[in-house]
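Paired with chain B in one complex and with chain C in the other, chain A is shared by the two complexes that follow.
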Partner chain A sequence: MSVISNTTTITSVGAPSRRNTELALLVFAVVIPVFAYANVGLAINGKLPSGMLSYGLGLTALATVAHLAVRKFAPYADPLLLPLATLLNGMGLVFIWRLDQSQRLIQLAKYEYGSFSPSTPKQLLFSALGVALFVGVLILLKDHRILQRYTYISMVAALVLLILPVFFPPVFGARIWVRIPGVGSLQPGEFAKIILSVFFAGYLMVKRDALALASRRFMGLYLPRGRDLGPILVIWGLSILILVFETDLGTSLLFFGLFVIMLYVATERTSWIVFGLLMSAVGAVGVTTFESQVQGRVNAWLDPFAVFTTGKGSDQVAQALMSFGSGGIFGTGLGQGHSDLIGFAANSDFILATVGEELGLAGLMAFLLIYGLIVERGVRTALAARDPFGKLLAIGLSGAFALQIFVVAGGVMGLIPLTGMTMPFVAAGGSSVIANWALIGILLRISDTARRPAPAPAPSPDAEPTQVVRVQ
Partner chain B sequence: MNKPLRRVAIFCGLLVLALLIRANYVQFVQADSLKNNVHNRRVAINQYANPRGDIIVDGKAVTGHTATNGSDFKYKATFKNGSMWAPVTGYASQAFGTSMLEGVEDKVLTGDDDRLFFNRTIDILSGKKKQGGDVVTTLNAAAQKAAFDGLGSKKGAVAAIDPRTGAILALASTPSYDPSTFAGNSTTDSKNWNQLKDDKNEPMLNRALRQTYPPGSAFKVVTAAAALENGLYSSIDEKTNSPVPYILPNTTTELKNEGNIPCENATLRVALRYSCNTVFGKIGADLGRDKMVAEAKKFGFNDELFVPVRAAKSNFSTTMDKPQTALSSIGQFETAATPLQMAMIASAVANNGVLMEPYLVQKLQAANNSVIEQHTDKTYSQPLSAANAQKLQSMMETVVTSGTGTNAQIPGVTVGGKTGTAQHGVNNDKNPYAWFISYAKTDSGSPVAVAVVVEDGSANRGDISGGGLAAPIAKKVMEAVLNK
Partner chain C sequence: MSELTLTVMRLGFLAVLWLFVIVAVQVIRSDLFGTRVTQRASRRAETGTRPPQQRQQAQATQRQQQPPQNNRARRGAPTKLVVAEGSLAGTTVALQGQTITLGRAHDSTIVLDDDYASSRHARIYPDRDGQWIVEDLGSTNGTYMDRNRLTTPTPIPLGAPIRIGKTVIELRK
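Take a look at the complex of A and B:
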C-alpha cells in the first residue's frame, strides 16, 4: 500500500457479501440429506437406494441454481436463509421418500383410492418449481418497494384466494383446497399468506400515523377511533368467516395473528395486541361452540386417546403422540420407525411425527431450531431494512412463518388443537413448498436491499483537489 | 419501528421455545407411557419382530415360531400339542395379546428383558438378529399327558406338585383350546378366537389355576390338621365326641352323613376313611372360626399366588358364624379352592408338614443357554408339625387302602388320599364336583402330590364321586411321575 491512500476516504466497502459463507453452508445442506437418503435405503432395503445419484445431483442442481441467482441478483442477501431452506427441503424429500416405502401406506392408498402413487417425484417437481419461483422473484423483483404499488390489488387477490376454497368440496373436513381438474389441487392459503403480508405492509405504512396517534386514552390503553377500527374488524370478520365456512382453524389463526403483529409493529401501540387477543378469543370460543368440526378437533386435543374407547373421530393425534413417544431421545433411526401407523397425511400434516420418531427428540429439536433460525433471520432482515414498507413486509412474512410453524407443530404434538396446515418445506404438498420458496425469495430481496452498501456518491466537481490559483 | 420488532422477535422465540418444551415433554417425560400404551401397535410389532423364545418341558420345546409375511408382524408363535399345554403356555397371538407363561415371561421370550441386555449388545456387535430367551418349566411331560388324557372329554382340571420342592409337575384343564388356531392376525384367527370366547364350556379358562370349586370332603384333611395342631385330639385312634346326627350349633339343622356309615364318636382315622360330615363339622365348630381360618391360611387359602402365572385366591370365609364354620370345615358354605390349592394341601401333608411354594419356571435362559434366572426352593409355610403330618399321612393312607379312595392304589407304593364330592347349584340340582387329592410316597420322600377335579362326568348323579371319577386320573398321574 502506498502512503498516498493514508488519507481517510469514506468508500463503499460496506458489509461483506457473505456469498462464500452461503456456498459453504449449502454444501452441508446438500450433503446431509444425501446421507440421510442413503441411510433410509440401507435401513429399509439393505442397500443404497437406486435413485441416490439422481437425487443427489437434483438437489445439488437446485442449490447451485439458487445460489448463482442469489450471487448475481441479490449479492448482499442474508447468507443463512437459502442453506436452511435447502436443508429442510432436502430432508423433507428424504422423509417423504421414506414414507413412500411404507407397505402400510401403500396398502391404505390402494384400499382407499384403488392405486398408490409415490409422492416423492411430485415433491421433487414442486421443489424445482419452488426454486424456479425463488429465482424468478430475485430476477423480476429488483426492489421490494415495487410491491407497494400493488397494495390494493394484493388485497383483492388475497380475498379471492381465501374465499375460493368455499366453492370446492371439503377434504378430510376442511375446505382449504382448490381442485383444478387435470392439474391437481392447490392450497390457496399458502399463497394468501404472502399476498396478505404485502397488502398489510402497504396499507399500514400509509395509515400507521392515523392509527397510532388519533386515539383516546382510556384506562391506560389507547382506544382507536371508530373509523380506524374498521380494517381490523374487517380482517377479524374475515378470519371468522374462514373458520366457519372452511372450518380451518389454522388459516384463520394465522391471518389474524399476522395482522395483529403487523399492526403492533406499525403503530407501536400495545393496545392493539390486547384488542387482537380479546377478539381472537371471542371468535375462537364463539365458533367452537357452534362448529362441530372445530369441536371435534378441540375434543381430540383435550383427550387424544378417547377415540379408542368411543370410536368417534380420528385417531391421528393419538397415533402421532405415540409416534413421538416411541422415538424417545435418540429415535429409532431413519427408516426404522412406524410413523406410518398415522395413516392419511402421514407425509404431509403429520410429517413431523416421522422426524420425532426416527430422529428422536434430538432430531426434532434440531428441526424446530432450524425453523426458529429462519424466523430469526427474517426478523433480523426487518430490523436491518431501511424503509418502513420493507420492515413491515419482512416482519409480516417471518411472523406468518413463525405462526405457521407453531400452529402445525403444536397441533401435531398435541400442544394446541390440530389444524390443517403443513410444515413449510418438509411436508409433502406443492402449494406449501412453492409458496415458501417465494417467501424466502422476498426475504432475501429485502435483506439484500438492507445490507447493500449505499451507492458511491456521484463524482462532484468539488471533489477536485483545491488548487491555489494566482489571481492577477 | 425497531422496538416493537424486537418484541415480536421475542414473541417468535417464545413460540419456538413452547414447541421445544412440548417436544421434550412428549418425547422424554411421557415417552415411556406413550411407547407402552395399550393402543400402540408398535408393542405388538416389536413382540413379533424377532423369533420368539421357547417354553421348554423336559428339555423339549412345546412352543416355537414360524416366519410370516403379508403383515407387519414378521413371526408367529406355534404350539406343539397346544391344547394339552395351553394351561401352562397360554397363548401368544399377534392380534389378541398373550396369557399365562407367554404373557408373564413375554419380555424374556421377546428378548427385551433387561437381564438380556448383555446378550443383546453382543448380538448387535456380532451382527446377529435379536433372539428371545427360553423359559424352562418344571413340568413333567408324562404326568401332563396322563392328566390330560385322563380327563379326556370330561370337564375338569388336574394339578400335580412335587411336595419336596414345590415344582409343578402337571397342570391340565379340559375342555382346552389350541393356541395356534389364533396365533396370527387373519380373519380365520379372529373367527377362531371369537368362537373360543363365546363357547359356553369356556375352553380358555385355566381351571387348574384360575377356577375355584367347593372342595367338599377333600377339605376334611385341613380340618383334621387343625384338630391335631390345636390339640383338640392328640391321637388319631382315640374316640371323638361326635353325635350322629349332629345339630349345627345355635340352630335346629341336622348335619347328616352320606349313607349309613359308622360315624358316631368315630376316631379321626375312621372318620376320614368314611368321610364323616358329623365328626369334621363338629371339629370345625369346636375349634371356632379363628383357629380354622388360621390353619386354612397356612395351607394357602385367602392368598393370591404367582407361580409366576397368577393363581386365583382360594376362599375360606373369615366372617362366618359358628354353624357356618361347621359347614365350611367340611368344604361347604363359601369354601372354594383351586385344583392347585388342593394339591398344595396333599403336598404339605406328604412333605411332613412343610408346604413348599409352588412354582412353574425352573429357569430363564438366554438363546445361548446362559442362565439369567434360576429358581430356588422356598418354604411357603408349615401348616402342621412333622409328627402330626405323619399321623395325617397314616389317616390318608387308610383312606386309600380301605376307605373311599381304593381306586388310587398303586401296587408296591404307599399312597395317601382323600375323596370329595361337592354339591352345588340351587338345592344341589347340578352335578356335584368330584374331587380327589392324593400323594405317593417312596423311600426318598414323596415325589408327587396331585389334585383332580371333575366337574360333571355323566348325566348319572350316582356315579359321580371323588373315588369313582377323579381317583383313577390321580393314580395315572402319580404312576407317570413314579415311573419316570
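Take a look at the complex of A and C:
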C-alpha cells in the first residue's frame, strides 16, 4: 500500500484556452445541419439535394473563418458560444431552405408579389456578412472597455435607431422597418439592442450607487427616492411611445425589459423588478385599450381559433399552434410537416413552428436548450468579468438575447401576444443574423478578457528566499 | 425514399441533436475552472525549492472533498487529515489506515516547512479499534491539542486542532 502518494495539494488554476474543444464542437455543429439538409432532400424529393456540397462547404467556410479569427484574436474566449451560434445558424438555413421547397408558399408568393425568390441564398449571404462583422468586432474591438467611452453617443444612436422606423410606412401593421432604396430594408431594433446595452452598462456603472443606496425600506422592499425614479420613468415613457407609434410590442418589451434587468443587476434591489413589472403591466393595458393594431394582436392571442368562425384577422397563430400539436413528441420528420400552412412569415417570425412540427417537442426543447446555453455562457462571462462595465455589458447582451427568445417563442406558442421579432440566428432576416453575430462577437471579446490568465505578479523583494539573520 | 429510412433518420437526427447538447453541457462542466488537485509527491519533485510564500499563494481557499476510500471506515470516522493553517494550508491527506508522520525530515508523510518543528515531530496512527491517535515523538517545541501540550499518545476527536509550530492540522470527515 502506498503511503506517500495520497498527499494532495489544491492549487488555483486559470482557465485553459479550450480552443481545441471549440474546434471539435464546431465540427459537430457543421455536421448536424448538413445531415439535416440531406434529410430534408431525401424526404421531399427522394434524393440528396443538389446544393448539398456547396451548402456544406459554405457553412464549413464560415465556421473555419470564425474559428481562426477567435484563435488569433481572442484565444481565451468561451469555447461554447461559437459552436452554438454556428449550429443555430446552420439549422436556420436548413429550415429556410425547407420552406423554400414548399409549393404552397411558392404559389402564395406568386399570387401576392407576382414572383417567388428563394430566401436561402439571401440568408447564406447575410450569414456571411454576419460572420464578417463577428470577425470585424474581434479584430477592431481590442478591449470592450473602449465602448465605455461611447456611452452617450450610443444613447443618441440607439434613440435614432428606435425612432427612425416611425418615419417609414408600416409593413404589415408594424413600423419596425427602415427601407433604404436600392439596398433593401433594415430592422434597426436588432442593432439597437446591442447599442442600448452599451449605453445602459455605461450609464448604470456610474449611477448605480445613487440608485442602490439612497432608498427607504418599506414593507420589505427598498423604495427608491422619488428623484431616482427619473431614469426608469424616462425609459418607460419611451417604450410606451414606441408601442404607440410603432405598434410593436416586441421592441417596446425588449427595450424596457433590458433596462429593468440591468438596473436589477447593477443595484441588487428587487424593488426595481417589482416597479418594472407594475409599470409595464400598466403601460401594456393602457395602450391596448386604445390602439387598434395592438388590440388585434391581443385578441388573436386570447382566442387564436376565433378566426375560423369570424373570418377576421389572420390565422397564423392558430396554424402555428396546430403545427406544434401535429408535431407531437418526436415530430413528423424534417421536410414532412405542413407548417407552410402558416403562409406569410412562416420562415421568419414563425420558424419555431416548423421546428416544433418537424422535430417535435424533443427537437424544440433541444433548440431552446441551445439558446439557453448561449444565455448561460453570457451570464457566466459576466460573472467572470473583472470590470463592472464588462459585467453589465455581458449581462445586458445576454439579457437582450434571452428576452428576444422569450418574446418570440412566447408569441408563437401563444403564451404572450405575438410580436414582430425574429428568432435569433434561425429565422430568415438579414438584420437579425448580422446583429446577433456582432452580439456573439462582443460577448467573446468580454469573455476573452475575463478568462485570460492574469500576468505573473512582479517578484516582490519581501518574497525573495533570503537567509534571515537573527541579530538578537 | 422508404418510410423506414425516414423514421430512422428522424430519430437519428434527434439523437444527434441531443448528443450535441449533452456534449456542450459536459464542456461547461469541465470548464468550471478555479482549483486543481495535484499529487503532492510529484509536485514537490518539480517545485520543491520554491519558497513557501509562493506556494501559499498558489494554494486555493477552497478545500476539495476527498472521496472516502476506506470502505471499512465506521460512520463518523474521519476520512482525511487537513492542514488548516501554516504554509501547507489546504493540503489534505486521505486516511487509509496508514501511519502519518509529521516533521521536517524529508521522508515524513507531511514535510513541515516550519521553523518550530523538529525533524521527526509527531505521528498519527490508528489503533486497533480504528481510533486515530496522535503521539509526540519527543519534539523540541511540543505538539499541542487545543491548548494542552501532549505528553502521551492521545485519541484525536473529529475537528480538534493539533498545533505543531505554526501549522494546525485537523481530522475531518
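Criterion: the second predicted complex is superposed on the first by the 437 of 472 C-alpha atoms of A that agree within 3 Å, B and C clash if a C-alpha of one lies under 4 Å from a C-alpha of the other, contacts with A are read in each partner's own complex, and residues count from 1 in each chain.
In the analysis below, a contact is a pair of C-beta atoms (placed from the backbone, for glycine too) under 8 Å apart; a residue touches a chain by one contact, two chains touch by 3 or more.
Computed from a predicted model, the values in this text were never measured in an experiment.
Residue contacts after overlaying the shared chain place A:325 against chain B, while chain C stays out of touching range. Using the contact criterion defined above for the overlaid structures, shared-chain residue A:334 touches chain C, although it does not reach chain B. Once the two complexes are overlaid on the shared chain, A:43 sits against chain C while remaining clear of chain B. Shared-chain residue A:21: touches chain C; no touch with chain B.
Of the two partner chains placed by superposition, chain B and chain C are both touched by A:360.
With both structures placed on the common chain, the touch criterion links A:376 to chain B and to chain C.
Contact with neither chain B nor chain C is seen for A:419 once the two complexes are overlaid on the shared chain. Across the superposed pair, chain B and chain C both touch chain A at residues 360, 369, 376.
Chain A makes touch with chain B in their complex at residues 103-104, 261, 264-266, 268, 305, 308, 315, 318, 321-322, 324-329, 338, 341, 356, 360-361, 364-365, 368-369, 371-372, 375-376, 379, 382-383, 388, 391-392, 395, 398-399, 402-403, 405-406, 409-410, 413-415. Partner chain C is touched in their complex by these residues of chain A: 1, 3-16, 18, 21, 25, 28-29, 32, 35-36, 39, 42-43, 46, 79-80, 83-84, 87, 330-334, 336, 359-360, 362-363, 366, 369-370, 373, 376-377, 380, 451, 462-465.
Interface residues of chain C, counted against chain A in their complex, comprise 1, 5-7, 9-11, 13-14, 16-18, 20-21, 23-25, 27-28, 31, 33-41, 43, 51, 53-54, 58-60, 62-64, 66, 90-94, 96-99, 109-110.
Taken in their complex, chain B has these residues touching chain A: 1-9, 11-13, 15-16, 18-20, 22-24, 26-28, 30-35, 37, 39-42, 45, 72.
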